[in-house]
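Below is one structure; the comments refer to it alone.
Labels A, B, C and D are assigned to the chains in the order they are written; within every chain, residues are numbered from 1.
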Amino acid sequence: MTEGIADDPRLEPSALAREARELANTWSEPRGFVGWFSCVDHKTVGVRFIVTAFGFFILAGLLAAAMRLQLARPDNTLIGPDLYNQIFTMHGTTMMFLFAVPVVLGFGIYFVPLMIGSRAIAFPRLLAFAYWMFLFSGIFLYVMFFLNIGPDRGWFSYVPLAGPEYGIGKRADVWAQLVSFTETSGLAVSVCLIVTIFKLRAPGMSLNRIPLFVWAELVTAFMVACSMPSIMVASGTLILDRLVGTHFYNHAEGGDALLWQHLFWFFAHPEVYIIFLPAQGIVSMIIATFTGRPVFGYIALVLSLVATAFIGFGVWVHHMFTTGLPQFGTSFFTAASIMIVVPSGVQIFCWIATLWSGRVRFATPLLYALGFFVVFIMGGLTGVMLAAVPLDAQVHDTFFVVAHFHYVLIGGSLFPLLGGIHYWFPKMTGRMLSERMGKTAFWLLLIGFNATFFPQHILGLMGMPRRVYTYPVEMQWGALNLLSSAGALTMFVALSIYLANVAISLRRGAVAADNPWGASTLEWATSSPPPPYNFVPAPTVGGRDPLWETRADLPVVVGLAADTREVLVTRLMDAEPDHRKEFPEPTVWPFLTAVAVGGLYIGSIFTPWAVVWGAVPCTIALIGWAWPRKGNRPRSLERQIAHRHRTAAEHA
Amino acid sequence: MKPKAIDVSQLPMNAFGHRSIMWWGGASLMLMEGAMFAMLIVSYIYLKGRSPEWPPGYFAPVLFWGTLNTIVLAASTIPNHFAKAAAERLDLRSLQMWMCVALVFGVAFCVIRVFEFRSLNVWWDSNAYGSITWTLLGFHTLHLVTDVMDSTVLTVLLFVGPLQESHFSDASENALYWYFVVIAWIPVYAFVYLAPRLA
Amino acid sequence: MPAIIQSALHPAGPQAASISHLWWLMFWTCSVVYVVVIGALLVAIRRRRDEGGSTDERSLTRSVAAATGVTVVILFGLLFASVATGRAVASLGSAEGLVIDVTGNQWWWDVTYENPTPSLQVKTANELHIPVGRQVRIQLKSNDVIHSFWVPNLHGKMDLIPGRQTAIWLQADTPGVYRGQCAEYCGLQHANMALTVIAEASDDFERWLVAQRQPAPPPASPEQQRGLEVVERGPCAMCHTVVGTSAGGRTAPDLTHIATRSTIAAGTAPNTRGYLAGWITDPQHMKPGAKMPSTGLSADELQAVLAYLETLK
Amino acid sequence: MTRWLALLLVAMLPLAACERESRRYRELPAASSRASSTRVSDLVPGQPASSDLVLSPYQENAYGIAEGKRLYSAFNCNGCHAMGGGGIGPALMDSKWIYGSTPDQIYSTISQGRPDGMPSFGPRVPSQQIWQLVAYVQSLSVQVPRDAESGRNDDMNARQPELRLDRLPPRNTGHR
């Protein structure tokens, strides 16, 4: 690390205070109506992502409640088949595309720059664009739903059921375009995260010192980048089949229905890991903080994250075991699907070791982490069962599978996320959540969850298939379904308490200190809530747990301009300071671009020409986006050129 | 004791290649686009495998226009190379010139592409072969058009716009992206024009 | 109705049996693993820290490595078990097995008992009769969307995919009635797309087969005669076939021997005169979205049709 | 004033959507009985049909049109009319209509039949299904909203796909 000069005058408290004031006014977001649409601060956008995603979580939860109501008793006629099909499709689509992915990315957007000690996230305007696309996608989907154009072909939209002949009306197109929306958003965010983690880390934070949560987000971003193109191709070809009569999925003209399943699951299985790797990162953070020791086996944990990501791309066929594929191929995918348990196992053992050797503090976030173990491990074990071809042939597409993936997703992702909110709420809002309400909600949720989903294992084995809007009384599935519905009610109550806790604490919660939990990562080094510029002076890092090490001898960064949005760019491996980059001002153009692109997407549901004339506003918006407000001082340009010549001369 | 300070005020305001965040942005973008091309090509191979004859019931596309385009594209890498070099020398004059030359090639390519579509001998809704062929070529065209537009805006900016030194790295990334479009064309050409002949 | 009608936990044939063995193996292994891991977790958080709580990292590393090793071993065991079961199940099936074609439609099962001589073929719907103790090859096709054939007491499921031909071998060892149901989401009435498998002694089966080969008996009473006329000239014949009459529609279940079946509308309701009357007058009430329209038969037309259908044994 | 009209239009869009997407399993009261009571349209050559008061219950309903399409092949209409392209019977995709192209005229053509070959389906096909067929036949000659039309079938596309045909709205002619 470049050696620092001691007692620099710029580190006098008065000087720092002055700098802070100047930074505050440089980095502050514009106010007012237009300002609201032009915000590019990663913290604001991150919060927007999280809040919006939870909004959709509530909607999808209500849909789930409706389904449990319909299935509570046999031969129920509360909800007809048409509406029921829309409801379970909306539930799945919302949870996967509008809640799970955006919310984990949202946490990354908010905390990654803070955890790596940066002033901002890379490409803030792209980030803003991503948010607007996400918001529009959700609004679009629910408006369509209320107009009775809600998708009704399942969140997997298998062809030919979703194809032009059997996918009647525009419902399947709505699904396909929703996917285009959210994937655009997801891909944009993953670019921001990858570049931020690679290039904007605080000096000294070499790759082997990155916090585990950041590692998880990095791996996730790469998984997004590699898996979502597959669903883009899938939904694109589906739209083409439906709109202009291509034959990708028409067996009579050389297409094939299984091509869809391959393309879809090549995305949709990694999707599961996209959803739950960041959650594992959160678990690592929480466990480290509440055992007061670094997580055991940092390297092992990072490697198992990466391993999970790699194997995650080799297991998609286990969703297609009943399509009559050749046996040899299937047993390969069985092996892969079973072996992916190993990295997850390693992580769980490392965490248990951490708890074993640390001093455990039972705060609500840790409870959620423990709940994660109790629930997720069971999901993982039923996953092993599903990987076995013969067993899968029995329970595939039954309620056993429903139970399995709710144990995996709610256990593996929702519990850590709720814990994460408890954990970071003080940092985000400056107030603590109530522990009492938090714990009540947790225990209710744990009980309600198991009451809801455990019986569904048995229902599946008793032969109850998924996606049925009713079942005859003589099947004897009534009692267990009733229990399941009662559990759903309990979950509803638990989540309401959680929500109330958030609402109340926002106003009346105890004021939070900078580092209320005594955690070790950089986001706790700044004030709660953090200022728009995140840090002054910008920190450097000497180890994996900066706040637990003696920071006195750690140098800090000075010399970043305070009058422009300058950010320090460092090198990929060792995070040595490399150059300064001036980041863009807030602007309304990303919003307008999102409007234009959204218009194009929605229009192309009805006519292919929308792509042509929809491109015009998109182009205009992008030009407006790219056009610089002001040329920055030619002086600096000359300085720059001179500098280059100087260095060239030195080399010669 | 007060912490020491690392002074970064002397560090440059701009960087090229893998040092700059623009480069990494471009790289991630190419990763995604590349994955999409890969997915389309995998679908092509899959559909080809499902069909007893290939191309099923139609003549293979006419080679002429596609090959001509390949040549134009290969040639376009020359001005592209000089533009990149000029950008990294921060040499505005020659950057402007080479950007214009490269643009001419890009536009020529788009024009020839129209004739390519007309010489495919199959419609997108004739059968699965036609669908995947049109989609593959169309997807590459999409990249082509967007990148040409992108370069146009940047060139205009270099002439009239308020100048920022970041424009130089933008120009260099733009050149890099053009290379991507060129390289992506090779497999697309192979599958659209050669695969129907090999089978 | 027997207590167990549709359950993977009560195998009635070799395929289902070996799968359920695998299930119980997996179940017990995973239960033990779960208990052990959660136990370790509880100890970890509950153990008293008065001995300083500073366990040395090396011992931790050793135990984590050991746990991982054990995991890998167990997983390999399960992998082996699963592949072995897969091969065992796939190896079942014999050359002289009975061949049945099952074609999926929205939302009913079209069943054909193959025979080289077309006149000896048997067509029925939503109900399979199979001889006990004999391997049966079910050949699966679909006319519209993807369905999945699933009779849990006999075997796992197999998809019916348009443009593809799949097959599955079944065998029932104990006579009985086993219910199955479509297991791939196939649209509005996915929930009411059931089928019944009746496993019976092979001479009973042969008797049934012979009976099914007969054309429909001629109407005995004038009312039945009237019913036949309505069936032939009225709406029924547009979609339904009654062999031996002029009714030759191909897009709906074959009615030649409907009176011998236990359910109507693909297991939606029992095959009684009352339900049948309700189904014919207002199918969309019983099975919303089904392809059968309200026929608008007058009351006496309906009675006549019912009278006739009851003779189709 | 125009603004109000625009608002009204915007307000109507959702309704259009609901109508397009609704799945109507049951028969409409308008089309309840099998024995049809629709009058036979007068067959004066060259003269446009006098009345089109009866409006086609499914012509804006995607589900009805799709059902009509299914029945069109299920009842083997292609046997004579091919995929709307004609053959033994007249084409339904072109712009020349002999017995009138208003919904009620199409209805009675199907239900009562016409001289030279078109059988009468009235006693055999419930009026709900006839109306669905009417809607599909209308869609063959672009008399239904584009976004309610059904897409290509999952089978061999016989000739130029429907989507790329420029179909003319029908006019009535008395002769072939």
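Methods note: contacts are C-beta pairs under 8 Å (C-beta built on N, C-alpha and C of every residue); 3 or more make two chains touch, one makes a residue touch a chain.
What you are looking at is a predicted structure, and each value in this text was computed from that prediction instead of being measured.
Listed here as common contacts of chain B and chain D: A.
A count of contacting C-beta pairs for A-D and for A-C identifies A-C as the more extensively joined pair. Centre to centre, using the average C-alpha position, chain A and chain D are separated by 48 Å. With centres defined as mean CA coordinates, chain D is found 38 Å away from chain C. Centres computed as Cα averages put chain A at a distance of 30 Å from chain B.
In chain A, the residues that reach two or more other chains under the touch definition are 82, 160, 165-166, 241, 244-245, 247, 250-253, 256.
Contacts with at least two other chains are made by residues 23, 152, 154, 157, 161, 163-164 of chain D.
Contact of a single residue of chain C with at least two other chains is seen at positions 162, 188, 288-289. Interface residues of chain B facing chain A in the complex, by the touch rule stated above, are 1-15, 18-21, 24-25, 28-29, 31-33, 35-36, 38-40, 43, 46-47, 50-51, 56, 90, 124-132, 134-135, 149, 153-154, 157, 161-166. Listing the residues of chain A that touch chain B in their complex gives 1-8, 10-11, 122-123, 187, 190-191, 194-195, 198-200, 203, 225-226, 228-230, 232-233, 236-237, 240-241, 244-248, 250, 253-256, 259, 262-263, 266, 537, 540, 551-561, 568-569, 571-572, 577-582, 619, 622-623, 626-632, 634, 636-637, 640-641, 643-644. By the touch criterion given at the top, residues 14, 17-18, 20-23, 62-63, 66, 146-148, 150-157, 161-164 of chain D touch chain A in their complex.
Residue ranges of chain A in contact with chain C, taken from their complex: 80-82, 85, 153-154, 158, 160-161, 165-166, 251-252, 256-258, 296-297, 300, 322-324, 327, 330-331, 334-335, 338-339, 341-342, 345-346, 348-350, 352-353, 355-360, 362, 370, 373-374, 377-378, 381-382, 384-385, 387-398, 461-463, 465-472, 474-476.
Those residues of chain D that touch chain C in the complex are listed here as 23, 25-27, 32-34, 70, 74-75, 123-129, 154.
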